[in-house]
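My structure is below; once you've seen it, I'll send some questions.
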Amino acid sequence: MKTTFDQRAIDLTSNGKNYKAVLDDQTVDIEIVHAENGKLDLLIDGNHVIAYVSSDGAKRWVTVNGRTFVLTKSSGTASDSKNRRSSAGGEHASELAAPMPGQVRSVNVSEGDAVSKGQTLLVLEAMKMEIRIQAPFDSTVKSITAKVGQTVEREQILIVVDKLES
Amino acid sequence: MFRKILIANRGEIAIRIMRACKELGIQTVAVYSEADKNSLHVQFADESILLGAAAPKESYLNIDKIIDAAKQTNADAIHPGYGFLSENASFAAAVDSAKLTFIGPSADSIRAMGDKAESKISMKKAGVPTVPGVEGIESEKDFKKAAKEIGYPVLVKAAAGGGGKGMRVVNTESEMIESLEAARSEALNAFGDDRVLIEKYLPNAHHIEFQVFGDKNGNLVHLFERECSAQRRHQKIIEETPSPLLTSKLRKEMGEAAVAAAKAVGYFNAGTVEFIVDPDTLKFYFLEMNTRLQVEHPITEFVVGLDLVQWQIRIAAGEKFPFTQKDLFQRGHAIECRVYAEDPAGGFLPSTGRLLQFIEPRGPGIRVDSGFAAGNEVTHFYDPLLAKLIVDGENREVAIQRMKAALSEFVVHGVTTNIDFMQSVLAHPDFQNGEVTTRWVETNFNWKPSEPTLEILIAAALADQTITNPKSKISNSNEPDPYSPWKAASGFRN
Amino acid sequence: MFRKILIANRGEIAIRIMRACKELGIQTVAVYSEADKNSLHVQFADESILLGAAAPKESYLNIDKIIDAAKQTNADAIHPGYGFLSENASFAAAVDSAKLTFIGPSADSIRAMGDKAESKISMKKAGVPTVPGVEGIESEKDFKKAAKEIGYPVLVKAAAGGGGKGMRVVNTESEMIESLEAARSEALNAFGDDRVLIEKYLPNAHHIEFQVFGDKNGNLVHLFERECSAQRRHQKIIEETPSPLLTSKLRKEMGEAAVAAAKAVGYFNAGTVEFIVDPDTLKFYFLEMNTRLQVEHPITEFVVGLDLVQWQIRIAAGEKFPFTQKDLFQRGHAIECRVYAEDPAGGFLPSTGRLLQFIEPRGPGIRVDSGFAAGNEVTHFYDPLLAKLIVDGENREVAIQRMKAALSEFVVHGVTTNIDFMQSVLAHPDFQNGEVTTRWVETNFNWKPSEPTLEILIAAALADQTITNPKSKISNSNEPDPYSPWKAASGFRN
Amino acid sequence: MKTTFDQRAIDLTSNGKNYKAVLDDQTVDIEIVHAENGKLDLLIDGNHVIAYVSSDGAKRWVTVNGRTFVLTKSSGTASDSKNRRSSAGGEHASELAAPMPGQVRSVNVSEGDAVSKGQTLLVLEAMKMEIRIQAPFDSTVKSITAKVGQTVEREQILIVVDKLES
């Protein structure tokens, strides 16, 4: 079975007791010694590897040797969340999203306002921190989709701006 | 001794305080917000009282509700923990007025140290070295004059301040007016008080603090230092004791200064005097005093051999110290790493979610103070501290090796953490040489997460392959999978 | 320093040794029997080698297989832990012959202390007080004569002995012949050697042992005492340090005697000199020397501030101690409780089964050394020790309170444990007064489990009610219930 | 629903959100605050109780306030295991069972042998201990059902003896 994580494809086939994995033209043998409670005791080409694994939607959390990685399984929708996350600061983006869940503390502009690059449009409060949502470029506020006091989710769109052609 | 104590806090510190109570044979009352209904600190307590909604001002910051809860449960004392109301003089006064004991210093001590300008003046009077600067001035002209005398760069900061708000670094005279205005407006917004003061800015300093402790009979001692220079976003991430910077002569001088500072405000119970130390000149300056238990108190407990929270309770109940300064000494070396739910690769922004796995390290010399378990939700309402991992060892090298081994056993899935980041800090030559200063992370340490290895991809693929086959489930899932061995029985009451 | 160490043991001690290796940057090799295939100690190691069947002689006692495993994995040293081959001189010699380093004393030291008659003679020569008695006699007449001189009651015990085998208390002369015959025949069966010796029997004594430690350069120190009088079936259950019985004068004398004992056999690495102390006269007598790491070594680590296992490895690698006797001191008080899978209400018979829940206590001053997790099987093949719960505190009272709180947080379901029993021992005035002697449990302490309370029955009924409803499962089950949130994915490979 | 544990009957009825329990003519109200992973967070007549519960066949393991109890659910076969366990030492019993799992180290008698009270008939080895199975009274060995080297379970019958009428 072929699976792709963050653009890296891995092909796993079972040959009865063990598995064989192919990735980046490399082939390795895998024996599962024990698997319980999200903990895998593996032999990968004869080397002992303990891996902790969890799944949450398309996300796979994996810890090996004390290092933890979050991989996103991409069945055609590769690195979806990455693209979306970077939209807040991207050069051509005009939708400003919440970088983390929180509560809207203040909205400093109104629809139609002309704003300049770096100007604080909205302040979010989360985990004792103030997060300022600033204009990515000189622009006009097209729409405001968040209200003061509202609890917003990560990546929820808060404000849409139109870039001013200068 | 008290019969019952209400703990006006949540998370790891609430549990840590309750353990101390349990060992002293004292009943405990937890208070909680709606978001914390199923939190460990509520389950750990003998009784619990719901305060209100998740927002702190509806719950953990609501003085009236907390005092009501104490009266309702017949508690005879309140421990504020750290954060929330712990340094709120009005709260301490309200607890007093309600004929309850506040486990901490007097409201007057809190008030005296709460104002940065006033406390700086009283410290100078007490002979405690302060950062060169001027307070009590108002005009732009005076600020410019003071800055010239002190020498740029300077710092303008709110007199009523705290938490980095209302603070600006000014590098040249041309920036002064703008910075002064910005600091004043921030200070007014945050504290309702636009007074600011000016002082010398030391960009490459060590943050070294001294634990002080006084009983109500005038015995005041210090429990040596904590080196807290490893910071990100002005917040500590790794603390250790002893400090690799201090000589025993300097340690003695700073300890005496810390005791003098506390004496100047009639201090009793646990407090921390923060200093900044210039590593080139080894000169030290009073920064501020935290009039409460400190997050990083466990490293002092390891090295000095005292239980600080038990002593807070004993002192509040009127006990005297059975020891004096000369009985106290440091043995070994202790380090604390603060495990935060945050993304070091994304500006240390907090990360929220449900904990899919939460496996704490264990072993000789390892202590974990945490308030979370697998299945718990990390929300955006509160501080993103997941756990404090504390180790001790015979010396600094042994402690660092132990911390690295312990961090590598800490498994957190469901939120991003700073574990790998701290692992890299510990492995850095600057840390190993004890040369980390407060702005080191910002200016010298450009961390990037490593790329997933072959093993990581294989494990992910195995988890993926097997989770779709209900017969061979091996991994955690947040998804409503009736076969999952992980699902909590949240449908219990149906 | 070594590159790779093979740990010839299992369970908690194998893991504890591997942690020390990890912190020293040394690779680890686990060995295991078929019964331990999925044990934590195998998962914790970098590599692992299957030795053979579950029976110890096929696996953990098989010298050839263990040395083969070390060669196969290119290990350069072997740590024997405690029990199994740790005091087997032939094993130590075989490790040497294979050009590997044995992490422990020399084979000669082990041999010299292994024979009770010979070691007693060499101790007398070294000026170490021994229990009044006679060795090297054979005729019944000589035994009767010796007994009369010593005074009844006396103890006859196997010269080659250990573990309470080939040992008889003789109260009057009329019992002598029968007891002598019984001891000899047991000794012959157990050790292939029917020599017995006779000594004064002290029924109400304290068992107090001293940790000794030597490097290979002739530096030999002691790390103070451990009080191990709380025993059942001649096995320790609760140990503490400092001993409540010792004065500082007596501590000094016994420490010097312990060092003299170790010096007499050219000792290096960690060892323990056991004494019995008469609480009335405060006279102490050499009992035996354990030429290995002791189960209860963690209490010494807490109070003396050294990592004994790290030092065992360092010493074996040739390092010298950077300290001398005068640098060592005790701080605070530590207690260990051995959590056994056994039934205190049923003659302490071991209990076996699958661990349905296994929740270890945690918190400041608490250390748990264990080799089990929920889901593991406790089998009859090996020692029923589930975990060692160790606490430290500022003083004995604080440590006892902490231990009581910690024991009450330890949850073990699936096997019967001695947790409630130890809780009662700790709460007894005799224990609190430090007056427990080695036969106290047998003769003074009649423990009965308490009756289930209302809450217990309600919880059982709730568990019962809800477990039959697959939608609201809340509890553990060993039964093949596909809905259980507890089931391990043992069917993973189908 | 009525359940009996070790001869004590408890009747649990659900009234929607909460439960009511009747036992020993006492009635208490129970609210389940939270239940997860074998841990119950309860209010029993308003008092906060944390209980850890596990099931294994008819056995219920329960821990409250640090004390652990094993209860046996008795649906007609009350205290079955108790009776069986005591059979090894009982005055009228003639079946001698293993008090714990282990390996038979030696069998010291043969079928038909006359044995006296207290005589060791068989030695079991388990967890580093020797356990001697002794004759409960003067008797004749009727049958031996265990062999040297055999691994036996707890309560497995090892030897049957006939009491000598004297």
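Order as written gives the chain letters A, B, C and D; numbering starts at 1 within each chain.
Simple rule for what comes next: a contact is a pair of C-beta atoms (placed from the backbone, for glycine too) under 8 Å apart; a residue touches a chain by one contact, two chains touch by 3 or more.
Remember, it's a predicted structure, so these values are computed and weren't measured experimentally.
Under the contact definition stated at the top, the chains bordering both chain B and chain C are A, D. Interface comparison, A-C versus A-B: the pair with the greater number of contacting C-beta pairs is A-B. The distance from the centre of chain B to the centre of chain D, each centre being the mean of the chain's C-alpha atoms, comes to 51 Å.
Note: centroid distance chain C to chain D, computed from Cα atoms, is 29 Å. Within chain B, contacts with two or more other chains are made by residues 466, 472, 474, 485-486, 488-489, 492-493.
Multi-chain contact residues of chain D, defined as those touching 2 or more other chains: 32, 35-37. Those residues of chain A lying in contact with chain B across their complex are 1, 3, 5-6, 8, 10, 12, 19, 21, 23, 26, 28, 30, 32, 35-38, 40, 42, 44, 49, 51-57, 60-71, 73, 99-103, 126-129, 131, 154. Contact residues of chain A toward chain C in the complex are 17, 32-37, 39, 41, 48, 50. The touching residues of chain B, counted against chain A in their complex, run 55, 346, 349-354, 356-357, 359, 379-384, 407-414, 416-417, 419-420, 423, 449-450, 452-467, 472, 474-479, 485-486.
Residues 37-38, 43, 45-48, 375, 488-490, 492-493 of chain B are the ones touching chain D in the complex. Those residues of chain B that touch chain C in the complex are listed here as 16, 19-20, 22-25, 298, 301, 305-307, 309-310, 331-332, 360, 362-369, 393-394, 398, 401-402, 405, 466, 471-474, 482-489, 491-494.
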